[in-house]
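Next come the structures, one after another.
Consider the two complexes below, in which chain A is the common component and chain B and chain C are the respective partners.
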Partner chain A sequence: MDILNALVVFLNFVFIPAAAYGAQLALGALGVTLIYGILRFSNFAHGDTMAFGTALVILVTWGLQALGVGFGPLPTALIALPFGIALTSLMVLGTDRVVYRFYRRKKAAPIILVMASVGVMFVMNGLTRLVIGVDEIRFDDGERFIVTVRDFKAMTGLDEGLALRSTQALTLVVAFAVMIALFWFLNRTKSGKAMRAYSDNEDLALLSGIDPERVVRQVWIIAAALATIAGTLYGLDKSFKAFNYFQILLPIFAAAIVGGLGSPLGAIAGGFLVAFSEVAVTYPWLKVVGYVAPWYEPGGLMQLLGTEYKFAVSFVILIVVLLFRPTGLFRGKSV
Partner chain B sequence: MASNRQATASANPWRAPLLFAVLAVLFVLEGTVRNSMFSGSWNTSLAILNMGLISAITALGVNMQWGYAGLFNVGVVGFLAMGALAPVLVSLPPVEGAWSAGGPRLILSLFVGLGILALSRLAWDRTRKGWVVALVLLVGFFLFRGLFDPAVQAIEGNNPARHGNIGGLGLPVLVSWAVGGVFAAGAAWGIGKVALGLRSDYLAIATLGIGEIIVAVMKNEDWLARGVKNITAIPRPVAYEVDLQQNPDFLSFAQGWGFSATEASGIWVKLSYMSLFLVVLLVLILLAELALKSPWGRMMRAIRDNETAARAMGKNVTRRHLQVFVLGSAVIGIAGAMMVTLDGLVAPTGYNPLRYTFLIWVMVIVGGSGNNWGAVLGSVLIWFLWIKAEVWGPAAIAVLTGPLAEGPLKEHLLDSSPHMRFIAMGAVLLAVLRFAPRGLLPER
Partner chain C sequence: MKKLLLATAAGALLAGAAGAEEIKLGISLGFTGPLESMSPAMAQGAEMAIKEINDSGAFLDGSTVTAVQGDSTCIDAAAATATVERLITAEGVKGIVGGMCSGETIASLENVAKANGIVMISPSATSPALTDIEDDGLFFRTAPSDARQGEVMADIVLEKGIETVAVTYTNNDYGKGLADAFEAAFTQKGGTVTVNSAHDDGKADYSAEVAALAAAGGDALAVVGYVDQGGSGILRGALDSGAFETFVFPDGMVGQALAENFGDEIEGSFGQNPAAEGEGRETYLSMAEEAGYDGSGAFSAEAYDAAALIMLAMAKAGSSDPAEYKGAVMDVANEPGEKILPGELGKALEIINGGGDVDYVGAAAVEFVEPGESAGTFREVSFEGGEMKVIGYR
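Right after this comes the complex of A and B.
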């Protein structure tokens, strides 16, 4: 029974939270990696695009709630999501038209585009604060739990409980569906193939008659959709606070680089790798060890690093990858 | 950016003096005119100027990295925080009992930590086996924590209500400014060693990370600088207002100028700080200009403008990049130490990347990347506008929303006017980057 209890504690505090967080990171990293593959720069505004999209989703959610529209046991934000995606896409296409297109035509160095993205980040950050403020906002409604600790204990008779929040399950389901749709788009549709061709070799793609502006527009729309979905899921799962979305930029970049910039599969793998390492390193393992090895009595909590340093984990992963395999696990772009 | 960033036609030689004169007029207006736009107080004016000068030194460091070498440092806030640690560790008086509680053990554990990193490097070079390195690091980590944790507990347990930190050496605060530069340079060396020589965005991402982590360390390691409990009473290099107000000579001097004692003492202290900062700034500019005009500076610019050609000429690009990155970060570290000295306190929660990293970038870009005087002009100007936007922003919004009917929308807009500053700064950055990429004072 002790082994089962240990397993339940592990699932409850490590596996399920890390899986949900990993899915959110993976969606964010997919956006970064796609932008990198097509436009060839690291988009520093991605975190704030996530925040902006989520802010719009929250506004629409409030509107729907005021109208009395709900989604039964699911959060109302899911209905609001398409509106948020549409508005965020418009915003992102607008920034491309006003900011990035100019440098693309001039064939500016990637670092100038990175710097421009910092300017966009500033503007988006201000807009988000303007639209929704800086306070912490919870906008999840509907059923809170799929499995509660009490039900689980009653069901299994174990000492330890397992809770599955509906936002966690929702994150995994939605992220999985989005990833399937994305890979179907990239591998099966003509536009997706054009996008991959453009990412692999720009000149060859141009020669084969692919319209670069069309590819760029599509990738921005996809990135905006991914950012809004990732941001909304993150906000539903934790809570919405504009500054957190700036901070999540580091794990997202780490995930994209670990997987190899420009590689969608790598971004997903990287997202889960970063999330699992982060949770595993900052979780106090005392309880799990207590069940598995009751004879062993450690002095402390068996926590490798305090939760305050969770960003250090993604940073260390980033450093290790940069040192030993700068192209990432899935051989992304090197230039 | 195009291959060459220097202005093609020779710029108007009066441009720089003219712009600096405009800046001076702004500060004089702030000091003398009292209306809805300016405060009319020399204390406010000088306070803005002092912080502007510190921003100028920070921008000088960033300008070395970006303007000389094209390196994009997104962790300015972290290097400032590194510098901020120096006054705490160097010039605070020693804390009674802290050293005997765990000082030697702490130092030992830090050396062991560094030794383990060096050992893992050695293991990698000798064996080229990942698992050996991982084993060294894993064993080393537990060894380090075994030494480090008890020492930290002992130090933090030492009179935690008042101290709980390791304390300083009690040296003059001016010494700590140089030490701040050394601290930041150390951090920059580590990060540069890893991220330079790879693609240019990697340095940006890695510095973003180190910036977050340094600030996190400052917030959570109470033994270092008391964490979020803040350190107050950093010793001052200049006189205290209270002492001045009790000095009869000073009082008669103040009366001669027609200022009240409180006002005059404030102005005197700020002027003393200003002179100190100006000396540091001018010395740094002199050194930077000399370096830029030397063969070394020409080589740096050659590398920036065409890396491939410079490499073909036998220049070690990565090494030069590391050099200039460390130097620039050292200057940022000096600014960090100076800022803490001016404020008199270390408050890690205030280290916000939007304010300390990205605003500095706006200053450098607006001022003119590659031009040291441009960095100074841009910093003081943008800092002035940033502070005044707090006053002007709501006023502007009130005018703009004037025709709107009273209601929740108008209220919301009025409440959120502080956020307009971010939008405005972002827009300024984007506009300058696109329409005047050489900035106010172009590189010569």
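Right after this comes the complex of A and C.
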């Protein structure tokens, strides 16, 4: 029984939240890593692309709700997602045409593209606020919980409760599906292979007749789709607030770099690694230990680091990885 | 009285000599950043006071006041300092309604306002640190210090029969100041604080913080944060994981947004924020409604009062020079004199022009204690049936 209680506490406070957060980071990091791998710059506007895409999804969701369209127990936002992706794709393709293409033609150094993306970030930042405002928005309709704490306790008779939100489950399922689709696209389709070829060696790819503009367009569309999906899942799970998407950029970059920039597999591993270490290192293990080893009485909360330092955790991992394995865990491009 | 009359006459002469001028008033609030949803109603409050003064035509021989807005960002002290610098040096403002959050207010006051001798009246910076700050008599606030709020909060919690509380605070001057004030008052009155830890705003995820608070335990969780920010994130996490059921909300959290976003999930939770009852507030609310915004937003009334006080002090001193009118702020805010409610700024100007005294009460029952901050009335609220209910004032 005690072992079960310990397990439930662990699942409720560490595993489930960290897994959902990790999936959101992984989706964001995939977008960053794709753009880095193929367009060869770190896209700082990615966080705000997520915010912009989510804002559009919310607008469409409201429209659908006004029309009386629902999705049963699932959030209506899932139906709105394809529209949001389409509109966001147009937006990023527009930005590419107006901003990035100019620098690409001039064969500008990556750092110039990075700075341009910082500019795009600020414009996108303002645009999102103009479109949807600065307020916190909750757009999660449908069932909120799969298992609530109260039901769980009644069901199992355990002292500790477990909650599983439907958005957490949804995040994991959708993230998993998107990752599989992405790998299938990159490894099995002609366009995906062209993309990888372009990423490996631009000149050789051009020689073999790959249309670079086409590859670039596809990358942007995929990145926009990933950003919108990640942003929407994050917004469903927590809530939408333009400011938060600006802040999430940091852990996303940490995840992408730890995994190895340019490596999709690395981005996923990095996302989960950052999320799990943020939660696990700052978690006070007192309760879990209390159940597993009741004879052991520690003085404090058995917390390795205060929660204020959770950001430091991802950066320590980042520094260690960069020192000992500069290309990241999965042999991406060195920074 | 004679001296005062003389001063007023001299002031009127001086002002007369200068003639009608166009006075700029800075409004430095966090239009972007963690409190961005509160700022619009605050700025509108300040601007409504300015409009009222202008419409009266009786201000400093027909001078007019224009508002200049600046973004203090609330969290970025460097950005706030730059904004106030711009307001003072480039725009030439004669006084500032702001800053918004305690940390940025301290920074811009010490670095810019003091150096240039400009009066700042903050509607919302509540850190106890601002009480003892060296301000050359330039800083005032229409919001009370958190040292007082900490006591009120401890009283309310104990009266509910809650004896152990976990505290999480937003990692800045406001959060730390209030959390410490609460812990001190609560412990002294016999309660126990199980944990008093910080959370950072604007984080993507709060599961780690919620897990730590849950491990420490307690009958209730005091969320000393911002409703637009980490505060709501923590609350969401604590509710979903079943870590806490009762919550205590201080001023940064109390707002309509809380009831809208959490509804009956926070049934039985309670809190308090500085807000005065009475005629002044009612009048202000209906004036705000007429002007097309929500005057019940946190610190909106205080912003109206801050702007009104600056302009009435200017009228009293007969000059828009901060060095002259800074001494008149306490004068117009407190007794003796005729009580002035919102919407009566024109009347106040006439009394002042006629050589009389005013006691500005305003929208938030302004009563200044040394060294220039509001004594503070707090509104106790609780959440029942998905709505925020006002329990009383203390």
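Some points to look at:
To be clear about the criterion, the second predicted complex is superposed on the first by the 331 of 335 C-alpha atoms of A that agree within 3 Å, B and C clash if a C-alpha of one lies under 4 Å from a C-alpha of the other, contacts with A are read in each partner's own complex, and residues count from 1 in each chain.
Here, contacts are C-beta pairs under 8 Å (C-beta built on N, C-alpha and C of every residue); 3 or more make two chains touch, one makes a residue touch a chain.
Since the model is a prediction, treat every value here as computed from it, not as a measurement.
Superposition model on chain A: chain B and chain C are shown in a clashing arrangement. Shared-chain residue A:149: touches chain C; no touch with chain B. After overlaying the two complexes on the shared chain, residue contacts for A:176 are found with neither chain B nor chain C. By the touch criterion defined above, A:311 reaches both chain B and chain C. In the superposition on chain A, A:247 makes contact with both chain B and chain C.
When the two complexes are overlaid on their common chain A, residue A:184 makes contact with neither chain B nor chain C. Using the contact criterion defined above for the overlaid structures, shared-chain residue A:121 touches chain B, although it does not reach chain C. In the superposition on chain A, A:44 makes contact with chain B only, not with chain C.
Touched by chain B in one complex and by chain C in the other are residues 129, 134, 246-247, 306, 308, 311 of chain A.
Those residues of chain A whose C-beta lies close enough to touch chain B in the complex are 41-42, 44, 98-99, 102, 106, 108-112, 114-116, 118-127, 129-130, 133-134, 246-247, 249-250, 253-254, 257, 300, 304, 306, 308-309, 311-312, 314-315, 318-319, 322-324, 326, 334-335.
If you check the complex, the residues on chain C that touch chain A are 32-34, 36-37, 171, 195, 197-200, 202-205, 207-212, 214-216, 227-229, 232-233, 236-237, 240-243, 257, 261. Within the complex formed with chain A, the residues of chain B that make contact are 1-2, 70, 72, 74, 130, 141, 149, 194-195, 198-202, 204-206, 208-210, 212-213, 216-217, 219-220, 353-354, 358, 361-362, 365, 416, 419-427, 429-430, 433-434. The touching residues of chain A, counted against chain C in their complex, run 12-14, 17-18, 21, 24-25, 129, 134-136, 138, 148-150, 161, 163, 165, 234, 238-239, 241, 243-244, 246-248, 251, 275, 278-279, 282-287, 301, 303, 306-308, 310-311.
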